[in-house]
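In the two complexes below, subunit A is the common chain; its partner is subunit B in one and subunit C in the other.
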Partner chain A sequence: MDKLKIEKQVNKELLMLKISGELDASTAIKLDDEINGALESNQINILVDCGDLNYISSAGFGVFVSYIKDLQTRAGKFVLYNLSNNVFETFKILGLNDLLTIADTEKEAKSFFDKI
Partner chain B sequence: MEFTKHKYLFFGIISFLITVIQRLFDAVGYPFPVFCFNVPLVASIVFHILYFRQIFNARSIYNVEKLFIRLTKVGLAALIITFIPSVLVYLRATPKLIQLFELFGFYGFMFFSIYLLMGFYKLSLLNDSKLVRRNWDLFLVLVSAAALLYIESAHFPKLYSSFLMVACFLVGLPLVFKIKWIAFINMKMRWLSILFLLSLMFLGLGILQFSFHYNLPNYISDTPGAMFFLIVLNFEITYIIISILALLFNMPIASVTEKLAEEVKSIQQINQSVIKKAPIEETFNLLFTRCYKDTEANAGWMILEKEEGVENVTFYTGSVFENEVAFYNESLKIKSKAIEFPNKSYHYFRNLNKNISLEKFDRYQSLLVFPVFSEEKFQGAICLLKKEVDSFDEYQIQLAQSYIDQVQLAFENQALIRASIASERVKKEMEIARDVQRQLLPMDFPESPDFEMTAYCESLLEVGGDYFDFIMLDDKRLALIIADVSGSGASAAFYMAHLKGVFQALAQLNFPVATFLEFANEALSRCLARRVFITLTYSLFDFGKRKLLYGRAGHTPLLYFDSILKEARYFEDKGLGLGIVRDESYAKFVKQYDKKFNPGDIFVLFTDGIIEGRNDSTQKEYGLERLRKVLEENADLAVDKLKSAILTDIYKYINTQKIPDDHTIIVVKIKEG
Partner chain C sequence: MKQELKISCRKECLSDIRAFVNESLAHLDISDSLLYKIVLAVDEACSNAIIHGNNCDESKEINVELEVIEQILKVKIFDIGEYTQNYKEVGAISLEDHINNKDKGGLGLKLILSIMDEVEFYTKNHLNICQLAKELA
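And now, the complex of A and B:
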């Protein structure tokens, strides 16, 4: 059993990722590879569904953190939505809610890209 | 020393010399009365028995071959001595001279018969029990008793000799079958033993022949005393005959035992080779050779894999050609099959004709393939060929398999030893690292009229990424930091050490909190790996102004107990971790906050390990709220007791032995001042 599952869906300009399970040091690389691959193929608008993400460790945050700068310079962005209270709290404590776009629902999340 | 060792021989010879003098000077009645005239002779016999018994008992390890050589040498010497009187008779020497040499000849005869008897004593005791030794001692006593008959037999009741005869027979009979030594000598020695035994018998007969007709009052025939020699010689001849028969009958079995011994030796050899860390080819060659020889195969080859996937056919033996081997390897797909054999065991192609069309390669009909694994990795295969269909028997197959098992076992043992040494070394290194890291954290806390303070830091692994530190800027101002490097273990520990350098350098410069964070972010951004970031809270306490300035860089919120309101709460302020935004724009994300405090107020700083411990049954996290409550409930305690109360509450909640993360807690309590 994988601790972390990633489902990928490409919708026009949008890359939609659904991550479920636990995102920690041992699974962070998997997500990192996924995002890295997306950026290499010029998919810079990334939507992440965190609905089934039960746990995220500091190493897990590291993955998102490491691409913020890259996405900014390329005018792309991460939008995370469907975060559980737990996960959202941790994002907030870290100060990442100012840096990443966090939405409640898929619809709201997609609307951030419509503005582009 | 020498005398004690040989005293019996000395006494024996002296006694015999007395006998010689008695005889030469015909001194009947001197020095003993007539009836016990022969006492010195009897004494001499008994002393000789005692002497040989002593020397054979002393040398516990006695090589059979050496023993036979000695017996034969003594026999030859005795033969020569007993022959001299006949020469003297032929040369018409004076009767006195002849008589003297006849006495010496008799001594030779006596010496040899007793030496031979005791030689068998030694042989029969090889690898045998104490019981046999007792049996022998009884036999020797009886035989010595027979020698007593040399003293005027009239003094002994008639029954005496008959009794001795029967007793010697009964006691001596089991002894002639004590021939276990035969089992412990090799094939060559067995044939040699037969030769030795035969020569000893002929030597004995020759000696008897020469000394039988001596003119001196005969000690060997015509006297009741001769019963001693009768018994001894009978015993010796019987022992020789039985030994020879046993040797002959044991010959066929001997070859089997020898083979078994050989096989045990093979296993030892193979084992040795692995233990000595011989190159793997060498071990395999040895293994292959042993398998080939001991299964009596006609030919064989070995596949040895040096590196993953690279096949090296390194060794053929018997009459098999390279193209033949290539043909078998190819058509039977030996390597790929060998890996798949069930239970990693051998496969036996009883009749190759059934498996493949042999075409021109039809010299061999049976093929045995043994895969060899080491540490679960395929190392190679040993293939053995025989000409006839199904001609490897069960025993041969099991034997080869046992050799291979031995090698595999030895490989595995070695791997285990290597792994345990390596892990032991890593453990030691990590222990050193832990000690070093401990020294990076403050151990003693300042004694101040304004505040009291304590801290606790524990890593999940030997080293971790939690850090706390403080500097007294002056006697009213304290700079305090708590930090958590993302990830854990050694990599986090390195950044933690780096952070200590940054803190110690920047704190001294008396920057405002926000500036401190900006500089720290800049310094750390240059060295942190891509996905690594650090959260920290930097606080400046001014006890003179009773004011706290602090900045939170993404770290867990500061917990504050208000002693006037008697309630605890978290400071919910903004702030971003270090190393997340690695340029000047970071300044936008941090801010300095301030807070006035009063005596009795408590500040608790901690890392996420403190609140993320999960209850073992509900899997719910300990969380901020529980921490807040336990602080409120224990706010009256001194800092050390308060810290313990918090930790106790956490452990009670998670209900396991260990908090599954690095965790640090700092408690600062303001005093009246």
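And now, the complex of A and C:
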């Protein structure tokens, strides 16, 4: 059974990813491939539903960190939402909550893309 | 009582290591948040040993030991790999540099150093030992 599941949906200019399971050193490549593919297809506004993300390690954080600069350069962004307390606490340990946009709900998350 | 796990140097074994830590510490009166962070720190230290120390060589193994003595969790991870990077240097790289360099790695040490009270790496009798400690009270 896959430890990490990624469901993808494209809505106009917005790429919506729902990630479920465990994002660690053995599964991060799957998310990396998905985001790399999105950027190659010029999808630079990425909404990530973390509601069913049970665990994230530095390999998962590393995927997000490695694309922050590219997205900034191309005026795109990640918005993550629906994080569990434990996952959000880990973002805070690294200070990533200040560098990535994190929302509570899907509605709030989508509001960050209202102008596209 | 000391809990021990010997496991192959495969990234796919990390979930087994997390389950081992969770099960070994489940009886302790600690918050879910603290348990999650300890599991994360041990996962990061084992990832480091598996990936950077042993190049994911499945023929090699790492040993993980957990022991609680007087409300202090002591973790030791043993392996025989070869490390080329100094953990203090890697841990000192700023988040800004990670972003500017588009680095995917190196954040694990930051997490370990932030979560655990004591972090030490040393070699004894050709064995690499990563030693972590965390006060649980």
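Here is the rule we go by: the second predicted complex is superposed on the first by the 114 of 116 C-alpha atoms of A that agree within 3 Å, B and C clash if a C-alpha of one lies under 4 Å from a C-alpha of the other, contacts with A are read in each partner's own complex, and residues count from 1 in each chain.
In this text, a contact is a pair of C-beta atoms (placed from the backbone, for glycine too) under 8 Å apart; a residue touches a chain by one contact, two chains touch by 3 or more.
Because the structure is predicted, anything quoted here is derived from the model rather than measured.
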First, second, both or neither for A:S26, with subunit B first and subunit C second: second
First (subunit B), second (subunit C), both or neither touched by A:I68: both
Which partner reaches more residues of subunit A (counting touched residues only), subunit B or subunit C: C
Set intersection of subunit A contacts, subunit C complex versus subunit B complex: 25, 28, 32, 57-59, 61-63, 65-66, 68-69, 86, 93-96, 99
Residues of subunit A that touch subunit C when the two form their complex: 3, 22, 24-26, 28, 32, 55, 57-59, 61-63, 65-70, 85-86, 89-90, 93-96, 99
Touching residues (chain side subunit A, partner subunit B) in the complex: 25, 28, 32, 57-59, 61-63, 65-66, 68-69, 86, 93-96, 98-99
Partner subunit A, residues of subunit B touching it in the complex: 484, 486-488, 530-533, 535, 553-557, 574-577, 579-583, 589, 608, 621
Partner subunit A, residues of subunit C touching it in the complex: 10-12, 14-15, 18, 32-33, 36-37, 40, 43-44, 47, 50-51, 95, 98-100, 102-108, 110-111, 114-115
